[in-house]
Amino acid sequence: MNSMNAAVVHSFTDDLVVEELPIPAPGPFEALVKVQFSGVCHTDLHAAHGDWPVKPTLPFVPGHEGVGTVVEIGDQVTRLAVGDTVGNAWLWSACGECEYCQTGWETLCPDQVNGGYSVNGSFGTHMLVDSRYAPIIPEHVDLSAVGPILCAGVTVYKGLKVTDTQPGQWVLISGIGGLGHIAVQYAVAMGRRVVAIDVDDSKLELAEQHGAEVTVNAATVDNPAAEILERTGGGVHGALVTAVNAHAFPQAVASLRRGGTVSLVGLPPEEFPLDIFTTVLFGLTIRGSIVGTRKDMAEALDFYVRGLIHPTYTVRTLPEINDIFTEMGKGDINGRVVLDLN
Amino acid sequence: MNSMNAAVVHSFTDDLVVEELPIPAPGPFEALVKVQFSGVCHTDLHAAHGDWPVKPTLPFVPGHEGVGTVVEIGDQVTRLAVGDTVGNAWLWSACGECEYCQTGWETLCPDQVNGGYSVNGSFGTHMLVDSRYAPIIPEHVDLSAVGPILCAGVTVYKGLKVTDTQPGQWVLISGIGGLGHIAVQYAVAMGRRVVAIDVDDSKLELAEQHGAEVTVNAATVDNPAAEILERTGGGVHGALVTAVNAHAFPQAVASLRRGGTVSLVGLPPEEFPLDIFTTVLFGLTIRGSIVGTRKDMAEALDFYVRGLIHPTYTVRTLPEINDIFTEMGKGDINGRVVLDLN
Amino acid sequence: MNSMNAAVVHSFTDDLVVEELPIPAPGPFEALVKVQFSGVCHTDLHAAHGDWPVKPTLPFVPGHEGVGTVVEIGDQVTRLAVGDTVGNAWLWSACGECEYCQTGWETLCPDQVNGGYSVNGSFGTHMLVDSRYAPIIPEHVDLSAVGPILCAGVTVYKGLKVTDTQPGQWVLISGIGGLGHIAVQYAVAMGRRVVAIDVDDSKLELAEQHGAEVTVNAATVDNPAAEILERTGGGVHGALVTAVNAHAFPQAVASLRRGGTVSLVGLPPEEFPLDIFTTVLFGLTIRGSIVGTRKDMAEALDFYVRGLIHPTYTVRTLPEINDIFTEMGKGDINGRVVLDLN
Amino acid sequence: MNSMNAAVVHSFTDDLVVEELPIPAPGPFEALVKVQFSGVCHTDLHAAHGDWPVKPTLPFVPGHEGVGTVVEIGDQVTRLAVGDTVGNAWLWSACGECEYCQTGWETLCPDQVNGGYSVNGSFGTHMLVDSRYAPIIPEHVDLSAVGPILCAGVTVYKGLKVTDTQPGQWVLISGIGGLGHIAVQYAVAMGRRVVAIDVDDSKLELAEQHGAEVTVNAATVDNPAAEILERTGGGVHGALVTAVNAHAFPQAVASLRRGGTVSLVGLPPEEFPLDIFTTVLFGLTIRGSIVGTRKDMAEALDFYVRGLIHPTYTVRTLPEINDIFTEMGKGDINGRVVLDLN
């Protein structure tokens, strides 16, 4: 009764261990959640491998796409009640008082706490959330599918917003994997015209089914950027790079219409060369974007609840977590993975 | 009477030749201008050396910072009259009908004509201008000083605008040379708080005289970006990179406050490495900006006319043009150079 | 061969006269167009009645929603060729050089020429257009239906843009007549969620068919604004007022979410009372919007060409023009009216 | 020791009573402040007279421009410490969780608490503040002068921001009283060119001393708007209406350049007629603005600390409060009034 199961990272080089942990008690503003499902994100691999500049403190439980039911609340909690359905998120909490929190940019808060990274996450039967930041899941939603919205969904939704494009304009979605296939759907729901680029024809077919008007296979087309410039009458107004390979970034920049914006949401631990001459002469903008605020999350969920977003995902179980990580590392998974923790 | 003197580029490897040319007759929308002064810009060197991807057609007369008096107009000209004082500019004309011209972004027009590059420029006693695009010089202005506004001034003014900063926020001016020392003045006039960075103390002193509150010598400070982060309470909100050396770009990016914007206005024919991780995690924006529109020009001139901008410049004569180019190439010139063509 | 038929306004109080006129010769930048269809707009009534502060010069031919084929061009024309399909528009031409024309706001040009008002319009078998401003009609378009896009379409499209709303947010369309029923369709295509308000249930049904999620009959609901606040969870983010009755404006303001924007596109020659207390305390914005630029027009046409906009219209003939005006004045016409001039 | 002095409103029709009250104990997130100075604002009169739609609960202590020293903190307070110098403000606290609080618009929070209105204010020797919202006063500031920044200052600063003007553009400040004379100074510090309008020449002289380039006496000039249009070459780009008389609003609208914005910050309990025809045809924007967020406050204080803002004010004492209110009601006070509570 007082213990839970969770997948724990004890070392950045070994497998995760699925083990029993004591169920944590919620702090004053926290809530304890009985997790039902949790999405698995590429960021969880980076966390488990400790390959980003700032590493998580060992041991820890990854996962920032969990959803479940509130079973206990701290004594200062007013926003949630026992029985509510909530999620955790990468932006687990923020300070609420810095210049970023005060101006609608809590995603840039230097004191933010990240779910499954600087605080235990959703790869377990129970998790804590900060009641002030936990996404509230609307009623009548299929909980097995909502996890991918909590990270992949909000990330591409916000990334599309900051391309500064308008309905009717072209956006390029670069990479139609776990993030990109959701991005196509948000872009269409946002009234944009979509170009999809990938190296896999089956993914481009998926993009077409979700409404992409132009698809380009970067592996078989001689000059993908030139192809895009031609088929969009001068280039895309915005681009969202979800792909992490070295070609994707300069390809997206070269596909832009003059005055266009590339938005980057992937986190490869690398540098990319930026051609200054073209950037200046064509008035281009390159912009990074990281997940989304609580408001972005509520909006991203609203699109989902209205039936406009259908993530492709596979349901797996907690004991498979190491296999899942291996497959994700190899790029062998289509769409997203969701753990069933019921 | 029918001939003029001009400095002509006959080859990308030889010196310019100051020679007599026939005075050209203005086309229907053009005006003939008796040039009094012309600024010399680093772009003129690139033109004369043919070191950009698209080269000028030989032979040609460089120069896009000229000012003088209209002496003859074409038969369709309505905006100018004989006796008016006008300038030429890098944006010598644009098509007026493309999506960029229609939306206030004529600087991105694919069919633009560039002064002293794709049409003869102001390094001569006479020049043609397009009456629809030539900057009109307000009355009672010292014509020897206005040339630098026509290119350096409008370029940094527009570059500052697209940093998306607000009065009271910090902007970094990187490089206090011919462009940068004018940028400091525009930034101050625009209500921004200025950080200046250079490797030359005398230039930093000049920046201070023009109102920079923080100056950093990148050659003598261990970690210039760290210094800037500390002295601005978290980093600059925007940065304008006028320097063209390889360190300046990543240094400016590293000096940004989260959510900040770097604006690039120099045109080094190179690539710079962009750190994706920081760009994404800190929500940074990198943006190219090229000269300015007619409206930007009128605004930049207005700041100048109101006595808020004082370019540092040296007056020289046309026969010295090859010496001037040599000195500019070595970085031996402080501020701007203006040719006296009277 | 040298004469055309047109409906001419000879007096602001008498009927229009359908009569023979000489076919005009195009000026240097003009094109002569054989008109096939022309929409009839409420503005044409204001023109014919001379009830706006600045009146047209008599006699004149109204009409600014014409489409047809170029049959002759002036000697300076480069953008059009004989055989092209083009339209005329309210923004028949602008000066190209003022601060508004230079910044993408040609709709505010003080020297603009207005089709069917300060220059003869499209209520005839032939019309002149300015080749630099005439909307180019894409191929494979049903010409009988495109007229309403040229004024009603672009007007509501631009009006929706300046509500500063985002996809997923609520917009109120006030009045589901000739403008409003098209506005519902643009709003949906732009990803907005639509509330429609009118006093006629059949019009609200039409709005629902076009995708409005919430409809309110202002004649039968006690407090329409309160109803809207409740059903949208706090009010609409933006509102477009196409209705011209005295209640519509304060009703739209009262339906706004805090921070929301009302966009006005109708031109009733009246004042409306604005409640300052609410405007200030709730941070509201009230904004006027007039037709759209050439770029807005191209965008509005693009939505239409992609099959997203289906105006309701009735085809009539030129001799019926006085009857049509009478019916429009009484509000007896559903949707738009299009004259067949073939 | 346990009692304080304060001016208390017991009835909306009687004078305030200066009396002894028990010193309140701070709640978990609150701090107790020994007040040194408090500005007096016109809003305090509205509060004391109960003449706004939602009235304060009697009895209460007005005042929302207080500054003083923290002498005790609640057990959840982390942002403040005993000895800190802080202020109270109209935006005494907000919910922190609604869509407005999440997006940098806490001034629109429906659950906000207002200082000296829905919670006791600064017209006393002690006051409570919410530690999460209280403005932190920078060091080395003259505390007798800072009060006016906390309401008048931040209000006009934010109001100027939402005019959407740029440095170098014209803004009209309508009314050079307690708000307006500070607005002139912020506008100049923000790089705007200022037109001042009032009916009192001495106030216009003050505006000139603070940098206004154009001044217009609305009482002596025939057509003030025409005068402004002419002297600014076409009208102001933005206007801030601080005046509350019936002429000021339409006058400001009529003084706008096409595409311009009027920002309203006063709260007269009235309606003003808005001319729809001009609003639409000239693309005008009318926008309400209420005080400012914590971030706006920090920025407004920063301008003040840098020596750019010098409010005119008179120092008075608490027992004079009823006289002060009488004088303010008659418009007999120049600048602002500050109570010395030491």
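First chain written, first letter: the chains are A, B, C and D, and each begins at residue 1.
Convention: a residue touches a chain if its C-beta (ideal position, glycine included) is under 8 Å from a C-beta of that chain, and two chains touch if they have at least 3 such contacts.
Since the structure is predicted, the reported quantities are computational estimates derived from the model, not experimental observations.
Asks: By the contact definition above, name the pair with the higher C-beta contact count: A-D or B-D.
Replies: Taking the two pairs in turn, the one with more contacts turns out to be A-D.
Asks: Over half of the interface residue numbers used by both chain B and chain C, so same, or under half, so different?
Replies: same
Asks: Quick one: report the Å distance separating chain B from chain D, using the average Cα coordinate of each chain.
Replies: 42
Asks: Averaged over CA atoms, how far is the centre of chain A from the centre of chain D? Could you give it in whole Å?
Replies: 42
Asks: Which positions in chain A are in touch with at least two other chains?
Replies: 99, 105
Asks: For chain C, which residues count as touching chain D in their complex?
Replies: 52-53, 99-100, 105, 107-108, 110, 234, 249, 258-259, 264-290
Asks: Across the complex, what residues on chain D touch chain A?
Replies: 79, 96-97, 99, 102-106, 132, 293-295, 298
Asks: Considering only the defined contacts, which chain B positions touch chain D in the complex?
Replies: Residues 161, 166-168, 189-191, 299, 302-303 of chain B touch chain D in their complex.
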